[in-house]
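In the two complexes that follow, chain A is the common piece, with chain B as its partner first and chain C second.
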Partner chain A sequence: MMQSAGCRTLRLVQLPCATLRATRRARSTRSVSTRALQNSRRPLSNSVSRSFSTQPSRCYAASKEVKFTVDNYPNVKRDARFSQLTREDVDHFKGILSSPSSVVYAEDDASELEGFNTDWVRKYRGKSQLVLKPKTVEEVSEILKYCSKRNLAVVPQGGNTGLVGGSVPVFDEIVVSLSSMNSIRSFDEVSGVLVCDAGVILESADSYLRERNHIFPLDLGAKGSCHVGGNVSTNAGGLRLLRYGSLHGTVLGVEAVLPDGTILNDLQTLRKNNTGFDLKQVFIGSEGTIGIITGISILCPRRSNAVHTAYFGLTSFSQVKKAFIKAKRDLGEILSAFELMDGLTQDLYHTATKKPYPLDSRYPFHILIETSGSNADHDMAKLEAFLEQVMGEEIVADGTLAQDKSQAEELWKWREGLPEACAHWGGTYKYDVSVPLNEFYTLVEDCRKRFEEAGLVGGTTNESKPVVGVVGWGHMGDSNLHLNVPVRWYDKQVEKLLEPWVYEWIQKRKGSISAEHGLGFAKRDYVQYSRDATALEIMRRVKKTFDPQGIMNPYKYIPMDA
Partner chain B sequence: MTSLRILVPIKRAIDYAVRPRVNAAQTAVETAGVRHSMNPFDEISVEEAVLLREKHSPKTVEDIVAVSIGPPKTVEALRTAMAIGCDRSVHVEIPEKADMLEPLQAAKILKQVVDREKPNLIIMGKQSIDDDFSQTGQMLAGLLGWGQAYGASEISVDGDTLTVKREVEGGTDVVKGKLPMVVMADLRLNTPRFATLPNIMKAKKKKIDKLKLEDFKERAENRLKTLKVAEPPTRQGGGKVENVDGLISKLKELGAL
Partner chain C sequence: MMQSAGCRTLRLVQLPCATLRATRRARSTRSVSTRALQNSRRPLSNSVSRSFSTQPSRCYAASKEVKFTVDNYPNVKRDARFSQLTREDVDHFKGILSSPSSVVYAEDDASELEGFNTDWVRKYRGKSQLVLKPKTVEEVSEILKYCSKRNLAVVPQGGNTGLVGGSVPVFDEIVVSLSSMNSIRSFDEVSGVLVCDAGVILESADSYLRERNHIFPLDLGAKGSCHVGGNVSTNAGGLRLLRYGSLHGTVLGVEAVLPDGTILNDLQTLRKNNTGFDLKQVFIGSEGTIGIITGISILCPRRSNAVHTAYFGLTSFSQVKKAFIKAKRDLGEILSAFELMDGLTQDLYHTATKKPYPLDSRYPFHILIETSGSNADHDMAKLEAFLEQVMGEEIVADGTLAQDKSQAEELWKWREGLPEACAHWGGTYKYDVSVPLNEFYTLVEDCRKRFEEAGLVGGTTNESKPVVGVVGWGHMGDSNLHLNVPVRWYDKQVEKLLEPWVYEWIQKRKGSISAEHGLGFAKRDYVQYSRDATALEIMRRVKKTFDPQGIMNPYKYIPMDA
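Now for the complex of A and B:
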């Protein structure tokens, strides 16, 4: 297969059918295989074009070295109470972990540590010398018992797809990766309760459930890499929160290891259980600051066998609001996603991927609607009534309805591929905020004006300016906006224009400065814009109760000194 | 320029993105409650017919007719074809539970549809992804006595001559032929468009002629008997070895060294 060009052509000629077959057999990586088909349709010269998979790829800015967090934020100082890691510590860990491959130490293999030290946004980079990959909850317990005894700081890490720098070390904290704890423990087809390890990849859990006609009640762009344990400990929101609700409702129990090594086995599988404090709730969204979640139990709904996806172009935000009201009215119980993308996001995606636009003309706003129900005929009737209304009343200017599953997946990419498209030019300043729907898009407009007045916007072509553009998209159904400022390089001037301006803007409207991404390192010092002093004081007490030494994910989440 | 009257035979099949399952009785693939859509190769054929209309001066393509043989829900696929740009369609309806037609049967019926609709160009998928026969187009060309081009990756029309690039083992084969002709589309011919909402709405009003199997005089019988349908064996997961020595001993154990 490797000698001549002729052979290459041969392989390509055979590819289409082989791909189709392979696609039909192995559906575990759904968008990857769709891509394969799409690619095989393209001429050879295009076959090297960038393709987006569900795996967050680091290829875009891989050539640029990520600066150490400590160099970017010199006022953050290493907490002197923590011990320095020694060779003896490493030997001890090698002793308590069953597999030699569970210990990755800088002096043995420095290159493998890079991926654990650098975050997905390529904005934060720690200097950890040690990564531990325990295989059982007992091993996690042994690790933490030792760390608290030695006062060694720890960062729990899942798929490392977080967007606020919460999953990478700031200094030399030990990374405890849950990637080797990745088994499904049980699934009850009657109740729909899934119990699994924290390190199971979201997409794997969902594929497992798909085989059993169920669905994981959470879906997000990073599903190919993120871990369900990470999802729970950051209380991830995602694309279908509108339909299935927050993890605070769907998670039934957690198994977690406290900083002193205590194993909290609260892996309930009951839907109702009013017996004392609901401890799991403290862990959901605690971002690894009070312990390490090692297992979860979660209530999974039945998978809808009829799913329809539609994509629209609209001329103004007031039309978007009208479409949202109509969708809630006409599609109510089957509506499973209502996503907003502004015009510029679609242009960026188009430029980054070179894919043809789904619609002929350009519009300032696009929405993506998904319905999920049990009866395709009923759903289609509802959807058609809705379409006729919004077209007839000219609420939407143009649109398309996916005719098959691959078209639906293709349309979803114009929403799910946006974080990667924004990273295409180098990096992105990201704000994930909750804003009342009335002023949902005003934040983007105000922000855009600010940057244009400062003369920092260069569009996709002017390489002398740091800012590519100011864009917004989000889960309109949940009043959750993602304000993004894609840049060619991270720039203090840009930062000064954004912060604290964005947070003040949000505070004035009683919104949230972090709707679903969490606080991590990025937002620790801004949490007071959304929570008052009393609430913060009580949070500090909770933290101290679980983690008196403060070794769990330090320098993040909330400021520990009032 | 000769005006083109294009017939596009299409088939409704299990959506290619759905993983098919064998029914409990192991007699067929489970189709109830499973998402169906137009066979991907046929979608490409429909797109190509519409592209030919768009590429050439108006009126060059006089008529684009989609035809499908299948159970009542096949209408959905025909509506999709008309939303992409077919002018009207013909539905040869077979009962919901009836067996799928084998290629010769389908080709004989399609031939009579051709006699009725009088197209001079047939563009169809090179195969359908459910039964994978990849024979209907060739049989149809044979029955009609027309020229044929299989596996088209590019089609160009000049007067009454058609030039078709075909993907073959080892490279590309370019064939020329005179109308009337049957062209069977391969995956790389084009990327089907998204049907726009206004066109989806318009497609609802386009005409579908309904025919029944009994309306066709020349018929063939299915000749194949399905004994059993089974899933392919599940792939055994790979294992990890600790080091090079482990790898070598594993290879020896498997008899690869």
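Now for the complex of A and C:
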């Protein structure tokens, strides 16, 4: 089907051992290899830096005890206004919750609590003595009414897959888990509107919708564990944002419980409703600080009949920008992903996995383009025309189009396998930032230069240097860059070069220090790099309006003192 | 290009005298014909009902003086907490605004004030003595700082094209017009992000973008006059929402001035930014009640290379629903409009304009479908395939595809000319509502039955009856129905049959009493039909958080007393 363009030829990928794409997003694929451990001079620790995320690695870290957050951050003090939990409180909760299994108390069963106290990246660990798993919005309301009366602090928890420590307690906050509220309430195939409990797992919602020829407008790596309520309360971004927009546009309504137990039933199913303040918007991205989302209604797009995936090599970032403009123009309405990976990321993946490069050569930049449309022939024709254009004009140097699903999945691995590949040498300093496209890649270049000048970069072979390299990839279609510094060991010199330099760099470009991961505990004290004092003051007012006692998810999100 | 399907043939439209589509949306086309005046037993008045909107008709109503809102609604009292404007206040404003023309004071020039005091539908008229036209955000800040100190009430005003009396004073509030803040600040062709002043006229922004191969993600009838800041502050819906989503998804940032003069500079240009509460969302749709939007940043889609328009006849609403599902499936990503018009609307348009019907027969339902895509051949092929399907399965009874731009414009008139056609007999009772698709048209049927049973319907010929008919049309793709009751004269019997019946009907279906027009002054006291007491109480808290003195756009939006 492909035509050659100029002197270049387009190859069809012939990749061995294609595995299911669903697998590559499963949590089990995220483990750090044994080799990573061997190469690590200083073992992964939770105390290096507040902005450091260890590579998600349950199987590795399971062998080590996670340090308590309060020990890592001794400056953070328990708010003395909050009451201490008593046996009477626990008895009260047992009385208001319909099922005995809805109350998990440390004095009854300490082991089950651990999973709720420790976050997914095993960096934060709280000391909660009580987890409550309400089954209805009324039960959530009764819980919060009581907590409010007693001044007991609360952490709402969904799938606990966040990367910034937002969903686990810091001290002894009560965990309210939404895991027992996991029913689809309704789906309308004509309008595409889904109404469901907050505790429905994203993948379950997506599967339910796929059977009905629709998809959830959000997709992300943790889909097998994360809850849709958590997605909404953290305003998750992910892989489909380029095409379907943010949750602020697709979520039509929320059901939420305010800290005083008031139930806000705003589960609208209408695309248009201009009747006063759009309250749900305040809850989207509020990270559990103003109430607990117990249900959502969301507009779901139809499932695309055809999905195509292409992978390209380019010689410079200015060519990448040209390709992006052409893709937006020629692929227009079917463009569903435009992912950038720099050459070094591909080297790391190649070295770590021993897989052959998808193209004959490795280029300074690679992009992965996906289209999703209603007509396979049309989409393929558009993609071919785009390819001829960008190759004819020498915007891309080489490219390959996946011919079937398994080839597409293999190509996607060169993008989605990067977090794992980076962790191969020991660990990674990770930043999830938004940068205006004009300077999208400059952050990586500037950072790389910084480390090279400091003589800290050893590449993949020189084991005497801490830094393997400085790499960047990301959802370029959304201006969302993942700056990663893979290291052999955690090193104070490296940390000092990174912070606050990265945040200052972002601030100068009016970027965002947290594009999609949120603030949680990890970035509370860095938010001023992206939002000014006025915005923060208004945020504090909003917080106080909804949660005057401050019992919801304390110690996180934004600093409550100016 | 078209293939016949079954026993039906598809005709190409041959419509005479095609006029430019731009014209059909211009304000000048909205005048009520002389015949409408002659047939009107009781002249259009402003006192009939708070929910009644006269058909926009500057040239008709210009001959009549608009009654003051306070005379029409004597129960609404001026809030005694607000100060009275003094000559010293005016002198102060003259001192802080850079240009003498920025201050329009009644004692200097009363005539210019009239246009700012009277709303576009000439139903509401305030008694403001002062209009301020700041040129910068700093001037807006100085104005509000002073008003706040002096407790002077303020009405922000954009293009003053609203339909619910939200943009004009009720009493003596100071009008702050954004008309002198009308510059494009920046546009990035790679990301498609436009940053501009709030006072930029929507059509100007769209023209600017079209020259750069993009479009504004919003389009509506008043585009020639309305301001983008007003669009954002009223969360305008319009014609492109089906395709590009709501402003909550496309607006990336706002610059706004709070009632105390604080400038919130939240003009983000990033698609992803999860750093605290998304404050701009509170401003979108707040209708000037919490501050003044002075600038916006917005994500603009690329202009489509190809636009196709088709018009169909269908025999029942259940067939319409089937066609909608098929359109979503087969046209998918290129579907940009799915507009419903019932048969009677087409009769009214036919009678009022004497134009021949687009199809051989008039059907109980007609739909207008528009596609916008990047490849004309592909889009046409999709449309043809869709047509063969829906005609083969007898979902649609007949259809026609426009062959060029002027034919498309002629077809669009059968949808966009309906407000004018309804007003042809005198006036129209209008409701802009959202209804779940399952019962989308039932409201019209139920309402029609009600009037027929009451013996009030005279059709287009029986001049002894007030009601011409009960008709419905709307943006079906967005569940947005326009219920219209064209009448020969305004009649208390008609009003009593309509209200509160329509609102109660909507409330039972969890619809919205204001899909896209907002609340303003007209619907403040009806909002409880769409939002419950809890939501309203939270809204009051939000209002007080941003505007503790209540000086911003008082007497409107939501009732501040429970």
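Everything below uses one rule, namely that the second predicted complex is superposed on the first by the 417 of 562 C-alpha atoms of A that agree within 3 Å, B and C clash if a C-alpha of one lies under 4 Å from a C-alpha of the other, contacts with A are read in each partner's own complex, and residues count from 1 in each chain.
As a convention for this text, contacts are C-beta pairs under 8 Å (C-beta built on N, C-alpha and C of every residue); 3 or more make two chains touch, one makes a residue touch a chain.
Predicted model only: the values in this text are computed from it and were never measured.
J.: After lining up the shared chain so the two structures overlap, which partner does A:Asp330 touch, if you call chain B first and chain C second: first, second, both or neither?
T.: In the superposition, A:Asp330 contacts chain C only.
J.: Tell me the contact category for A:Ser111 with respect to chain B and chain C: first, second, both or neither.
T.: After superposing on A, A:Ser111 lies clear of both chain B and chain C.
J.: Name the contact category of A:Ser464: first (chain B only), second (chain C only), both, or neither.
T.: neither
J.: Quick one: classify A:Pro358 as touching chain B (first), chain C (second), both or neither.
T.: Only chain B; A:Pro358 stays clear of chain C.
J.: Any idea whether chain B or chain C touches more of chain A?
T.: With both complexes superposed on chain A, more residues of chain A are touched by C.
J.: Check the residue A:Gly399 against both partner chains and state whether it touches chain B (first), chain C (second), both, or neither.
T.: first
J.: Quick check on the superposed pair: does A:Asn75 touch chain B, chain C, both, or neither? Answer first, second, both or neither.
T.: Neither chain B nor chain C is touched by A:Asn75.
J.: Touching chain B in one complex and chain C in the other: list those residues of chain A.
T.: On chain A, the residues that contact chain B in one structure and chain C in the other are 305.
J.: Quick check: in the complex, which residue numbers of chain A touch chain B?
T.: Touching chain B: residues 6, 9-10, 13-14, 16-17, 20, 23-27, 30, 33-34, 37-38, 40-43, 100-101, 305-307, 310-312, 356, 358-360, 376, 387-388, 391, 396, 398-407, 409, 411 of chain A.
J.: Inside the complex, what are the residues of chain C that reach chain A?
T.: Residues 188-192, 213, 234-235, 237, 241, 245-246, 248-250, 258, 262-266, 268-279, 281-282, 284-286, 302, 304-305, 321, 324-325, 328-334, 372-375, 378, 381-382, 434, 436-438, 475, 478-480, 510-519, 523, 527, 530-532, 534-536, 538-539, 541-543, 545-546, 557-558 of chain C touch chain A in their complex.
J.: Which residues of chain B touch chain A once you look at their complex with the stated criterion?
T.: 15-20, 33-35, 37-38, 40, 43, 80, 83, 127, 129, 167-171, 186-188, 190-191, 194-198, 200-201, 232, 242
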